[in-house]
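Below you'll find a set of structures to go through.
You will see two complexes here that share chain A, one where it goes with chain B and one where it goes with chain C.
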Partner chain A sequence: MTITAERSIRPERVARGADTQGEPQGWLGLAFILPSLLFILLLFLIPLAMTVWMSFHHWPLLGRIRFAGLANYAELIEDVQFWRALGFTALYTVLVTAAIMAVALPLALLVDRPLRAAGFFRTIYFMPVVIGFGAASTLWMWLLNPDSGVFAQLLRGIGLIDSAPRPLESFWPALGVIILMVVWKTAGFTMVILLTGLQSIPDDLTEAARIDGAGPWARFRRITLPLMRNSILLALVLNVTSSMLAFDQFFIITQGGPSNSTISAVFSIYLASFSSYRLGYGAAMSFALLVVLVAISSIQLTFMRRRPEDG
Partner chain B sequence: MLKITGALAAVTLLATTALAGATEATLWVRTSSAAVLEGLAERYNAARPDKVTVTAITAEQMVPKLGAALAGGTPPDGAVLDLIYLPTFAANEGLEDITDFVKSRPYAEAMSPSHIRLATYEDRIYGVPALPDASIIAYNTDLFEKAGLDPAKAPASLNEIAESAKKIAALGNETYGFYFVANSGSWLIYDFLPHLWAADADILSEDGREATVDTPAMRETIAAYRDMWKAGAIHPTSRSGNGNNAVEAFASGKVGILMTGSYIVNLLDSKYPDVKFQVAPIPGPTGGASSFAGGDTLALMAGVDEEKKRVLLDFVDFYMEPENQVYATKESGMPARTDLAKEAYASFDPRNLVAYDVLAQAHTPYTFASDELFVSRTGPFVNLIQGAIFGEDVDGAIATAQGEFTRILERTNP
Partner chain C sequence: MTLANASKPILRRDEAGGETVRYALFVLVAGLVALFFLMPIVWSIANSFKPAAEALADPVSLVSSAFSLENYRRLEGVGAGWTSYAANSVVVALGTVALTVLVAVPAGYGFSKFRFPGQTLLFVLVMATMMIPFQSILTPLFLILKWLRLQNSLFGLVLIYVTFQLPFSIFMMRNAFDAVPRALIEAARIDGASQWTILRRIMLPIALPGVATVAMFAFLNSWNEFLAALIFLSDQNKFTLPIMLVNVSSGIYGIIDWGALQAGITVTMVPCIVLFLSLQRYYVRGLTAGAVK
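The block that comes next holds the complex of A and B.
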């Protein structure tokens, strides 16, 4: 009722504002958005156009550049390695996103308390987030080193195992330690996003539910989860996008091995561009990945646009 | 009027000499060689009127950066490159032809033949050796004695290496007979390919345009490695190792035989003086010996300014002088000239001579696709070794490698 009332008032107010100040000045608005427009133009649109342009050429690092038409894209369709890399990236994305959510949601619930210690734990859980991915990967590469790494020494020290584990020599253990590292590195960030959702739930709602006799599980399922929907979706979109673009952890820790089984999509673009030195083909791969990413994101965003009360 | 012209000419002459006196040439160098070349450049700058400026570039970044600089029209005047990239840059018209300079040097005959071969494209020469090194094996003489082997006699074949390795591994107590770095392409070409060359086989044809992966020598070499791996004689970190721990593992006294390079002698002498070791050339499956001629070659970028060209070639003459060769040997382990053993090694560990002697018969694969074929950790060569030695399907691994090599060569051959 109140909402309809307000909506009917709003146009009136706007009209009055226009009367007193004259026409809204379009150029002022443009001036305000100009810096970000410039950034988008310089750092996104122009490179994007160049990528598309390059993808229509045979573009070696050394030597002559030749127009190739759609040859790069035709080759891409038959490139088993690239599709396998996309498939692996999808598998990794599903697993790592599930793992991050499974860790971050309980963490968010834990630190969402009016205690002084909660702030301390929030900081602790968030700390790995501020490390760069490259640095974190290098750190873990050494932690995982079977001869002088901390993990091997620790596990042997407490007598859990006899010989140092070598997880990077087979596929599932290698993927497992990567997921472990990424969860350690990024769960804190997802926790903060979920925390903002949790804290936006008014206390009186939970209280009312409690008075009505709802237990903790029912309150979580019927009140907390539905009202956190948007922050959960935001966390999902961000996690899925960054996982689809994963590179550092595979480039540094597994180096694509064992037998090329952990090559992510971006890694395969890197290999085409900076190992085979085929910049045109790398550009075509980048563009194909962009299309895939835009498709995934738009599906997720359609979910996000739906209001909680519609669902 | 005549006077004025004369004075003007004199001034111009003065100006040009002054300018020439201050000619500064830039040289890109990979990080691992930067210290030695900076040292040599300092000595040069102190001794001559011109100046050579050295810029260190991370090894893996050298090719992309140099390629981008060439494409962008802003290359350095010269670069000290891993010799294996010379054919690629020469074939793409990135390097300056210095054939006449190289052939007219008094020390022309004394330059490492493999470095000159790699610097040659279509009968023109594009580079001179700067800092060579050669791959060798190092073995722990204490462990040899303990295992009842003769420490004075180096294993003469890969099969002998395998037998010795198994005996050393049998000593127990986490002692291993053999260590090689199996998860790094640059280590593998350095330490694995010489087995094939020692048996007069090769993985590429002489001109680098065809793959010859499936040879009896390859199969015998793989069989010997598999034999050692199955017997538990190979250090377990070999499989996933990228070289970070190799020297430390050997220095710990728990490894019998290490596949390594000439730098190991001075490195062990200075950092681990207690290790008792000997070095030897890399043998083939049943005999013979060879080595990978590695290290750096100095090349000039195509279209380099004449004055800067003069400075850099003068710098080459300078570092080839005996006293500077002694300095380079002290810093990096091996002189660029093969006729200076006495001078260069007079005050150093005589074990250095083993690698030095083998350099003249050492090989390097002549290829236009080094990174894609060999160096890349996802490339066909690393996958061949990983699959054929640690995997189950030797035939499959060899067939896959032959196919991948051929596919890449068909695309990259100039």
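The block that comes next holds the complex of A and C.
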């Protein structure tokens, strides 16, 4: 949909540079941009530089700030809890991304039809996306609670279990229900990304393959999937980067438990900076996470660039 | 091409009955899946209007024999009361929308319709901020807000939200202004229209859907944001709705008032859903445009 609009803009953009005659004066444009640059300088670039600067200091909230050299980073390398948090975040990212793709791709195929009803179902599947993670997390806390939760009641009602399950009391069930919640909340988003890919495939192509005798599975594997490559990669990038930054659901639903096993990377930064008030150490953690994230997105973006133009 | 078109009617006639069956099957499957996405929302809203005893005994049923607002009344007794938390959320969200539009629309215009040295570099710089998550610069932001005496202030929170809304918003607005045909501008200029008139009478009407998209994303993101609000607001009168929800969900002496929580979840999510359903077009536009960047 918007992909095509985007393409049609491009030629104009190229031509635009050529005829600058009759253009308003350039400095006026700079004046229009200036307020936004102030925001980005003051509340983005300066804090970004400060993150690096602070990571070389012992920086308590109150009291004396001391230069620490690489001490924070040395401590970080030895910090078992931080590595556990990074490892857990990576595990969560892999599992939740796989789960979201496994749900969103069939959903996209299901609702990619020129029917009014399909549009209606698209809207319903997308609805949880606009609810915040805070509200969604507390909502699922209630759904999951063993005393008055809907799930316990339903499972008991159909006679599947006798006593209410307590998924938050051990690691894998806790991770499982968090993933279920995140799939519920975000599958609709990935579905829309995948739909833009599906809708850019010309109907003639699948029709021609059908006439040539290709079955539904062959058409999906040989035509649909390869031509969706870009939107699948994009969905992967967006899911991986947002999952690496997961915080709300672990802070609210599992509260890091059981026994600190579900503390994510951002959660451990939160604990260092705003619970122990070791701002320098928190900054070192933040910088480490930032490097990991920028590395991941540049790897993924390189994959996206390497493509046939209409792939 | 012609073959495909010729074969279609034949297929249709043969499978006329099959089409109906397939449609029914689609509605059935899609409907079942819809239950998974819809029911948690419906259950939460339904239970917020049930008396506590009934919600505890039967959370699954959707219609209550006794419609009750007692949960909302009890939620008013939590901390400063839900109405003042809702007011804080409204102030933060509308403040973010207003300031984001005020800053991003001129910036998009400047990047789209002017040429000056260093422009490309500045645009790349603005877009690069999207690569870096705000979670990784929270610690220094905390100090900067403290120095500016904007810590524990709703205005300080708005400034943070606006900053992180800007890259996407500027990108949207530049594309919106790019779509204004230059012939139209030339014609207006020849007719003697001033720069200001061109912006107001020609550019803005065409760019208006872009503004709607920017405003909607600013609203939803600031309304729903949790981590920054958790860190930067310490005074309980200043909390926003998501922070209130977490306070209710952590309970008092280990006892969670599920009814009050349902009421809180309902007042937090219903505005987002209503906004989405009424302005869906603009939302999906922004989603795909931002995604294709």
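Everything below uses one rule, namely that the second predicted complex is superposed on the first by the 264 of 311 C-alpha atoms of A that agree within 3 Å, B and C clash if a C-alpha of one lies under 4 Å from a C-alpha of the other, contacts with A are read in each partner's own complex, and residues count from 1 in each chain.
One rule holds in what follows: a contact is a pair of C-beta atoms (placed from the backbone, for glycine too) under 8 Å apart; a residue touches a chain by one contact, two chains touch by 3 or more.
Everything numeric here is computed off the predicted structure, so don't read it as measured data.
When the two complexes are overlaid, the chain among chain B and chain C that reaches more residues of chain A is C.
Once chain A of one complex is fitted onto chain A of the other, the partner contacts of A:Phe274 extend to both chain B and chain C.
When the two structures are aligned on the shared chain, A:Arg166 is found in touch with chain B, with no touch to chain C.
When the two structures are aligned on the shared chain, A:Asn260 is found in touch with chain B, with no touch to chain C. Contacts of A:Leu62 after superposition on the shared chain: chain B is touched, whereas chain C is not.
In the superposition on chain A, contact of A:Ser36 is made with chain C only, not with chain B.
By the touch criterion defined above, A:Asn145 reaches both chain B and chain C.
Residue overlap on chain A between its contacts with chain B in one complex and with chain C in the other: 145, 147-148, 274. Residue ranges of chain C in contact with chain A, taken from their complex: 1, 3-4, 7, 23, 26-27, 29-31, 33-34, 36-38, 40-41, 43-44, 47, 55-56, 58-60, 102-104, 106-107, 109-111, 113-117, 119, 122, 125-126, 129, 131-133, 135-144, 159-160, 162-164, 166, 170, 175, 178-179, 182, 186, 189, 195, 220, 223-227, 230-231, 241-243, 245-246, 248-249, 256, 258, 261-262, 264-265, 268-269, 272-273, 275-277, 280, 283-285, 287-289, 291-292.
Interface of chain A with chain B (complex): residues 60-63, 145-148, 163-164, 166, 168-169, 255-260, 263, 271, 274-277.
The part of chain B that touches chain A in the complex is made up of residues 63-64, 67-68, 70-71, 88-89, 92-94, 183, 236-237, 239-240, 242, 244-245, 248-249, 369, 371-372, 375-379, 383, 386-387, 391, 408, 412, 414. The part of chain A that touches chain C in the complex is made up of residues 1-3, 5-6, 9, 12-13, 16-17, 20, 22-33, 35-37, 39-40, 42-44, 46-48, 50-51, 54, 107, 110-111, 113, 115, 117-118, 121, 123-128, 130-136, 138-143, 145, 147-150, 153-154, 157, 184, 187-189, 192-193, 196, 204, 207-208, 211, 234, 238, 241, 245, 247-248, 251-252, 266, 269-270, 273-274, 279, 282-283, 286-287, 289-290, 293-294, 297.
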